[in-house]
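Chain IDs A, B, C and D follow the sequence of writing; residue 1 opens each chain.
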Amino acid sequence: MSESLLVFAAGTNVDGWLQHFDSTGTTANSVKLGDSIVVIAKGPGTEIPAPAGLPAPKHEVASKGDFRLGRRELRPEGTIVNIGGAKVGDGSVAVFGGPCAVENREQMLATASVAAQYGSVGLRGGAFKPRTSPYSFQGLRWAGLELLEEARAHTGLPILTECVDPRHVERLAETIDGFQIGARNMQNFELLSEVGKAGLPVVLKRGFGCTVDETLAASEYITAQGNDQVVLCERGIRTFEHSTRFTLDLSAVALMKQRSHLPVMVDPSHSVGIPALVEPMTLAAAAAGADALLIDIHVQPEQALCDGKQALVPEAFRGLMTKLELLAMGIGRKMGGVVRPAPDFA
Amino acid sequence: MSESLLVFAAGTNVDGWLQHFDSTGTTANSVKLGDSIVVIAKGPGTEIPAPAGLPAPKHEVASKGDFRLGRRELRPEGTIVNIGGAKVGDGSVAVFGGPCAVENREQMLATASVAAQYGSVGLRGGAFKPRTSPYSFQGLRWAGLELLEEARAHTGLPILTECVDPRHVERLAETIDGFQIGARNMQNFELLSEVGKAGLPVVLKRGFGCTVDETLAASEYITAQGNDQVVLCERGIRTFEHSTRFTLDLSAVALMKQRSHLPVMVDPSHSVGIPALVEPMTLAAAAAGADALLIDIHVQPEQALCDGKQALVPEAFRGLMTKLELLAMGIGRKMGGVVRPAPDFA
Amino acid sequence: MSESLLVFAAGTNVDGWLQHFDSTGTTANSVKLGDSIVVIAKGPGTEIPAPAGLPAPKHEVASKGDFRLGRRELRPEGTIVNIGGAKVGDGSVAVFGGPCAVENREQMLATASVAAQYGSVGLRGGAFKPRTSPYSFQGLRWAGLELLEEARAHTGLPILTECVDPRHVERLAETIDGFQIGARNMQNFELLSEVGKAGLPVVLKRGFGCTVDETLAASEYITAQGNDQVVLCERGIRTFEHSTRFTLDLSAVALMKQRSHLPVMVDPSHSVGIPALVEPMTLAAAAAGADALLIDIHVQPEQALCDGKQALVPEAFRGLMTKLELLAMGIGRKMGGVVRPAPDFA
Amino acid sequence: MSESLLVFAAGTNVDGWLQHFDSTGTTANSVKLGDSIVVIAKGPGTEIPAPAGLPAPKHEVASKGDFRLGRRELRPEGTIVNIGGAKVGDGSVAVFGGPCAVENREQMLATASVAAQYGSVGLRGGAFKPRTSPYSFQGLRWAGLELLEEARAHTGLPILTECVDPRHVERLAETIDGFQIGARNMQNFELLSEVGKAGLPVVLKRGFGCTVDETLAASEYITAQGNDQVVLCERGIRTFEHSTRFTLDLSAVALMKQRSHLPVMVDPSHSVGIPALVEPMTLAAAAAGADALLIDIHVQPEQALCDGKQALVPEAFRGLMTKLELLAMGIGRKMGGVVRPAPDFA
């Protein structure tokens, strides 16, 4: 049975289309997708000419399979995701730096300062940490969120943090600028739906055992809520190669850029788990077409409570940002953020 | 720093031990584990003789790493999990049969009848289905749960069903006999903790991208709630081999049996995704030491709404049960269930 | 374009068929396959009735893809491979025991004695060892072959050994009873062709990075030489799970048995790399349908020059054989070998 | 027991060192490594001061594990491999373009022309093709070699071709500029040793089921023959992700560059198997630090006899080379080759 996706400008009245499809025995529904309205129709009515007088769609795309709202053809120019002012997908190279986990006030503010000073567009930092073992540090939870707020106030950078429970969505949404869904929760569909409804941008990390197709399908749980502010994030997959923590799949970046209009982020830090590989993999990710990077920074990695081994020290982060800017120029792009004086933490 | 696990009989007053550890600068806490109490101690006090007069532990085990409460040494004789009367881990071969998804009353009752008639000890059936795509059938949800209850009433078999959201735990626990945590949620730690608290048995499926060590670590999120009624379930991992849906890792079964006192289940249906392979893999799983099997049955697989391709038709299930019983005899075991007349569904 | 495989009894004159195909613009050639002749035809002539008077084929099978001579449909009853008198594929459970590597006379003869005494049908032992590093023990090479001969003379058991170089085939074939192609050489196609021509049975191990389809395709390099004495051997694949050395893929055993008429062997020792898992995986392999097992035995594993960690000590091998015999009875099979008095090594 | 690697300038008389080690019960041998001599010593003598008068080594490195001659510490400045005049490892980005398989004179010369015109430093082309199935095109074999020679004569570019059999080494070495060892033969150790002895440069492709450590270990089979002209080549590994043919592991590139002094090549064409991904993966590989690229070009990909699906058409290759040059400038490198007028094929 044929399926079609019809894309209209926001504000278009699509009732006539829905009636037309209904009268031809065709299942149809409309979904808001950012400043567009998409009508998804399945049935015989997609193959016959529509009656005169209906508003013309901006695009009409034959739908195949279950990847619908994120498909590149729906929005060939791509989607720009706005995370508290930081733009992802506008052609720039956007870096979100920060600690893996928020550990204490001093560490968070110092790290945020480093992130801001060398050109990050946003801060990352985990308050709720999903850990393999219940006996590991689980994050400062709500207390961590307050430290993230404080770091935002000092640096002016928006904050991105992970959500692990549908019961946390509402409270987190009051504070943060963007949700992060971790790899372990990529197929926690109840969480995806809940986060999608909150209306904030969502960075969706690929599950380390999941395919590109499954990642794209998971993003539909969010976009189907009418939320087009989704960033897909490659962070390494499980393979037999254990020299690195995971195997960073940069082909997936190029593939997702080609198949989807959603921007793509890469997290080299968690993929490789070795500081000396973060810089080359960051450069490679940008060259492969990544819109954004998520970089772990720690002012004292040897004392980190979570994944410290992979974090860059401030000097290494500065070096990376310098090289990244040069590479960006080579490929005709510019950095999303600007280098600025260190914020003054009282 | 040294760690020790001390196992005491239920009802033992361990306060003296906790005081002793406290007075020696040793972190210690006690956890109920079925009919035992386990004191987990970490610090110098684990290396010095305890004062006279404290109750003697049944076992004392040096703890290494983060796999604690499920370790074989804590309960060398193994744990028997009682799912609404069905025993898993008592030496028998326990089969839980049923449909992948509850689809409608007729299908559910007919399938339950087949499961019961040929010797299942319990019923499986999904009311909440985590699906890769939001556009696929998501299960009948609470309506499905009612059909499961009805099937239990007719067959007398206990029911096992998947829980996908911490907000569902309480309501599900009022009805079902055992929780199933699906592979996609094995590292949804908020869900594990919530389910652990509910007090019912939990079948924990291994994530398809997760190691044996991570599976054992995930079980600690449940046992740390004082719940020792946990069954570990191997259901195939992601590998490059795509002739089968996943690669069933039977070495993991033997490994988990050796490392943990928790019983081990195998789900050959979801692993292989090909009906013709379900029988040989069921036999192989039992030979590898599996305590229980989870088998998809469908009375009309070609009309299944979810994963029908892998389900056994009734005749194939009967054949499998016959061969499984013969093999069980060869390895000195017996079937957990009994073959009986078909229940009469009005 | 249509393809057909026509199977005739040995001695059938198929010239008429070849002329018929030739006259209809159809490519055809004949291959000897054990006691059959197979005509492989591709083109329009496969779809028209053949002229009267041509000898009738025993089977005619539509060919799809590149797996031809090994396809189950060509020989539904299966192939029995005769390795110096040891039968593989006749319904029995055939165990080939021995050391991973031939190390010295004493070790080889003592291990062969153990293998023979507890019911092996043949001996395994590597004279040429393909090792990851050039600095590891590479095997005794030709001197090792002499020790294998001596072990055969003492025990009466046929010998199976690995060939790693096409230049060795002829000289090895003068002595041994069957070739083994190691996992690292499964796609060393020049070697496969050469070994296929030698006329001796070949045990073809699946490459640890290769699919079932590729393994079946590789076997065609041997059968295309007119040699139907091929045993397919599963020995574990590379996956992210590193608790075991490789992941034993027993679904592949069932799959290969269903798709091919060639018998299937399993090497649990090299798959798991842990002695305590060899017994359960041996039982599981037999339950999954394996015709034969390859078991590493070492009289002093701690002194082994190669892969000693996984070898069974004599007592463990005896225990395994006892359990295997009981399981075999449960599944209606018998052991290929017999338990006998220990050979007397002067 | 301690091990040391001592590196001396070519022509140094190391006999005194070997005698010294011998007299202290230390195993030692010397290997030529390009213009160096390396003494590998293992035993107590590595820990005592050497007698006066022995020539001082350029470097002395404590050896751990089996990766010795290729270790970065032995030659911190890196090795430049000279393939018939094309330099790999000198800081430039060196592209070897050409067809996957040599198919016929017209295709080979036209493709070579394209490769040369847009800036390749050398030609690739397979005369001997290791194919999964014996029924696929196996290459033109020796006739293909003649066409490669002709292409070299016309373009002036050196030729790189695969060797699959130790019996072919000598004859190939008379003609070609560099050997390629394919992924399927990376652990065909007899072939590696034979090729190592021939004295020509060797491009060693990583096996798709092999780790970085195993790839480095395999290179020692070549360098142990005194041949330091080895290029390590990443070409994708087998993972569960099948959207691309293999998963290109660019972390391995950075890792191999850090661990070894040997230059690193990447083959994006065979990794991804999709033309639209070749360009982004080429750029990413260069950004990750690859010294060289192997790019499949075909003038009529739809008619290719082998792996045509992944080849770039001439225009796409030109576009890739333009972008690669810009990226190279961004990272402070230059292209190894020059753009030049098309050769004139009579």
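One rule holds in what follows: a residue touches a chain if its C-beta (ideal position, glycine included) is under 8 Å from a C-beta of that chain, and two chains touch if they have at least 3 such contacts.
Predicted, not measured: the structure shown is a model, and the values here were computed from it.
Novice: Computing the C-alpha centre of each chain, which chain sits at the greatest distance from subunit D?
Specialist: B
Novice: Could you quickly compare B-D and C-D and let me know which has more C-beta contacts?
Specialist: C-D
Novice: Determine the centre-to-centre distance between subunit C and subunit D, using the mean Cα coordinates as centres, and give it in whole Å.
Specialist: Centres of subunit C and subunit D (C-alpha means) sit 34 Å apart.
Novice: Round to the nearest whole Å and give the separation of the Cα centres of subunit B and subunit D.
Specialist: 50
Novice: Using the touch rule from the top of the page, what residues of subunit A touch 2 or more other chains?
Specialist: Residues 209, 237-240, 242.
Novice: Which word fits the touch map of the chains here: line, ring, star, complete or other?
Specialist: It is complete, because no pair of chains fails to touch.
Novice: Under the touch definition given earlier, write down the residues of subunit A that touch subunit B in their complex.
Specialist: Spelled out, the residues of subunit A in touch with subunit B are 66, 68, 130-136, 164-167, 184-185, 187-191, 193, 207-210, 214, 217-218, 220-221, 224, 237-238.
Novice: Residue numbers of subunit B touching subunit D in their complex, please.
Specialist: Interface residues on the subunit B side: 238-240, 242.
Novice: Can you list the subunit D residues touching subunit A in their complex?
Specialist: Those residues of subunit D that touch subunit A are 209, 211-213, 237-244, 247-255, 258, 271-272, 276-277, 280-281, 283-289, 323, 326-332.
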